[in-house]
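Heads up, there are several structures right after this.
Look for chain A in each of the two complexes below; its partner is chain B in the first and chain C in the second.
Coming up: the complex of A and B.
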């Protein structure tokens, strides 16, 4: 991490600026991203309505496709790479994922246990 | 045409808010007239209101926080008097007014005192400590400040037009739902927090980017002053947590405005989801406030002990550990609301674990002081006072983290005493320490020590006289937010607490007097060296107040405590070596974007509260147009010529050289 500060200012680039390729290469990157994103979206819609696959696998397939979609966006549009001056972005992404995991996972867990000290409704009825 | 707004919105039958509102209005008008008549308006507009200088914005944040502290403090005085007199009687505040006061007190103190105070100090100091010329996004910084001011304005407007929420500072449904709160109070609450929340979020993004991307040469992560680390941690939490608040309030507003059922009891809604989400923001919020205060104490303790901070790396680790663990404890705010023993146990243990990095910090400060040459100047008094107070608050916190104990103490005055213990003893003491410590840097003269010390002692003692009785009343079973009560045993403690409030008020008055006295004696208190405390970090390496560009040359950092090493080892060379050629400096132009944007946001917020739809569209379009105008600007920087930089810098160097020769002669 500390290497970054010793680089000349010209090398400390904002996300998206790091590829000094020609315009054509960059446009190609966006086109590939767009095609992949469209493909994943179309597949999701197709899977959701189809009866060609085993039905219980559909939710799992949709989750996998959604995660793949996020990956495509991160790589092709937000330019997250494993390059040396991307440390901050990767760390920020990791922190973001951790927080989302904690908040969403924690919420699901808490909300599923909210009635732990309450007898089910029919038991209350039966006692009366 | 005017939605729900008509003359019945003005509380003509309630003398207290009306008179208070009138006094404030007259005071504001008097100040405005004085400004216009004296011809200060152009100066204010060009140098402050449209300023994108991080130091000026920091000062304005702190000014906003100080004014709001007086408002929130007035609410506190009214509540303590009410509870002192309302034994087997109605007291002097009717219930609906009392409920508004405790709701406004909490909202104002957290969102418009503590937040702007710490963000203001971070704005003022962090770029200087990093050795850079500005924050990453100067105009965005100004937008963030003015949106925060919009939120504060809307909350205070509710005093005279309409009403404020009666729901407590977090507006729990179903009480805050449309069926139990049909008035505009909750709307005032929610819209002012939504608008100021945007301001806080952009401030957070700005400061994270500044710390990560703008550091001077050689300032790698492990050479940053502790305050920069806590700023980084605190602002990471802002960026991660504030969207949760925004989303939660947006859902509440959808319930109230468009008949959604997120948090209602019917149509599949669940009120518990609100508690869950609001505290998933609310607990990190506590650390957003207290981490910068920890940073301030680290700077102050190390400077006034004349020693490097003990255990710097463990301090960094503790800060980042708190940053992550603060997202794993939020259920301890609702242990009693039905979750089973396994859930409660896990969150209870996590809450106790977070006390460990905090304890590491306390020991580090103590070991920093150990063997040091301690100077008990006012900032140091606040820091030592903090250690004593905060340990008590922290220990009662660990007690509350034990679920069975929490079942006894939940919603009692014990809880009220606990969180005031950590927020006053942690955040407010930290803010005051930072205020006293960096005031000379911001304005070029010190604050009067005698009044400052008096202010500290009255506040410190007043704090204990006010809040220890509340702990005891909580143990005796008194619940919070009581407008009146019939239990004789609580009465004496409420009277003691009210007396303590009077002592606290004397402390606040001492600090106001300190400011006035110091401004009058500013020539005698002038700091010509830029380094009044024998400081250790880079903010003391430039003049007080710093020039607009902060540093003529960006400093070259070779280790921790950058300025201390410059002074100790390379003092002569660094100050007297042949300077390289001065160069032109480009600085961002001032911009009214922030102010204009907040102006339209205020109109939009007010119109949303009162359902004046055409005005909502007007305000929204105005704010958007302001953004478009800014986005299509042609040039946003101006150049300070090298000669001017040289002239300013040489004056500063002369002062420093004379200081060194004096020190050499002595």
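Coming up: the complex of A and C.
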């Protein structure tokens, strides 16, 4: 067969594929990922409504927890690792993240400055 | 892992930067398909980031309408989140079952994934219908437009995922675990896990940050 399910001696790994493990090891990986993700989710929901911490720190904590949980999903569910057989997948991901940060960061930055430098709307109206 | 003649070099230079390796031929179809789909998923995530950027800019523009903290129900969102998380897990179980060609566990995993996805969709639809019934539809304010387009776009992706899931079950039923069916199954699993990653952003940025502000 020309396309085998798992390459025996390939140099690359398809995104989502793992190195060859037994079924038990693979299930364990998903269980660990699920437990970590549930813990991070529970922490996020708890932090969002609590009075126990300094209030301005809550948005930062939520963003950090979200990024951590995305990392957990990438490693345990999508099996994106730093291994040599995963280089192409990681490079594609890095480029995607670059575009995401340019789009989101750039938009928020520019629009915040536009807002700060514009007079309130009713003043513009009165001048006309 | 590379187990060819270059195995000795692999430790010193794991990414083959300075080593001339013998040509192993084109990558297998499984790798090419999944890599192409991975690129599509990343472009899909870039599209979602545009909706996130729009939401971040417009979240304060409520036009005297409701603020996020007045319309979001944390309990509802928590149930939706748990549903998607568990469905990601059962989808992983189904793809393991497909790899070892175990029909029973494959169908069971896919069925549970489908049910959890449907519960998520029903909850989200009820939330949307409730907001529209109270007069807080997408045309009420710029904030609500951005909210409905971001969350609704994710919901549309989940709906497409459920349809794809049912197609995969039908294909395994009709054609068995053929190599092409297994490749599609791998792409579906990637799609479903990526949707879960987008949802992590949605519940953190829209619902949790929004209800604090």
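Definition applied: the second predicted complex is superposed on the first by the 100 of 128 C-alpha atoms of A that agree within 3 Å, B and C clash if a C-alpha of one lies under 4 Å from a C-alpha of the other, contacts with A are read in each partner's own complex, and residues count from 1 in each chain.
Just so we're on the same page, a contact is a pair of C-beta atoms (placed from the backbone, for glycine too) under 8 Å apart; a residue touches a chain by one contact, two chains touch by 3 or more.
On a predicted model such as this, the values are computed, not experimentally measured, just so you know.
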Task: With the two complexes superposed on chain A, say which partner A:96 touches: chain B (first), chain C (second), both, or neither.
output: both
Q: Could you look at A:111 and tell me whether it touches chain B, chain C, both or neither (first, second, both, neither)?
A: both
Would you check which partner chain A:37 touches, where first means chain B only, second means chain C only, and both and neither mean what they say?
second
Exercise for the section: Name the contact category of A:88: first (chain B only), second (chain C only), both, or neither. Expected result: both
Counting residues of chain A touched by each of chain B and chain C, the higher count belongs to C
Review point. Does chain B (first) or chain C (second) touch A:57, or do both, or does neither?
Key: neither
- prompt: If you stack the two complexes on chain A, which partner ends up touching A:25: first (chain B), second (chain C), both, or neither?
  reply: neither
Dual-contact residues of chain A, meaning touching chain B and chain C, are 1-2, 5, 12, 14, 88, 95-96, 99, 103, 107, 111
Per the touch rule above, chain B residues touching chain A in the complex are 212-213, 215, 217-222, 236, 240, 244, 270, 272-273, 276-277, 280, 324, 327-328, 330-331, 337-343
The chain A residues in contact with chain C across the complex are 1-5, 7-17, 19, 23, 26-27, 30-31, 33-34, 37-38, 41, 44-45, 47-49, 58-59, 62-63, 65-66, 69-70, 73-74, 77-78, 83-85, 87-89, 92-93, 95-96, 99-100, 103-104, 107-108, 111
Within their complex, chain A touches chain B through residues 1-2, 5-6, 12, 14, 88, 95-96, 98-99, 102-103, 106-107, 109-111, 113-118
Within the complex, chain A is touched by chain C residues 1-4, 10, 14-16, 21, 24, 27-31, 33-35, 37-39, 42-43, 45-46, 49-50, 52-54, 56-57, 74, 78, 81-82, 85-86, 88-89, 92-93, 95-96, 99-100, 179, 182-183, 186, 189-190, 193-194, 196-197, 200-201, 203-205, 208-209, 211-212
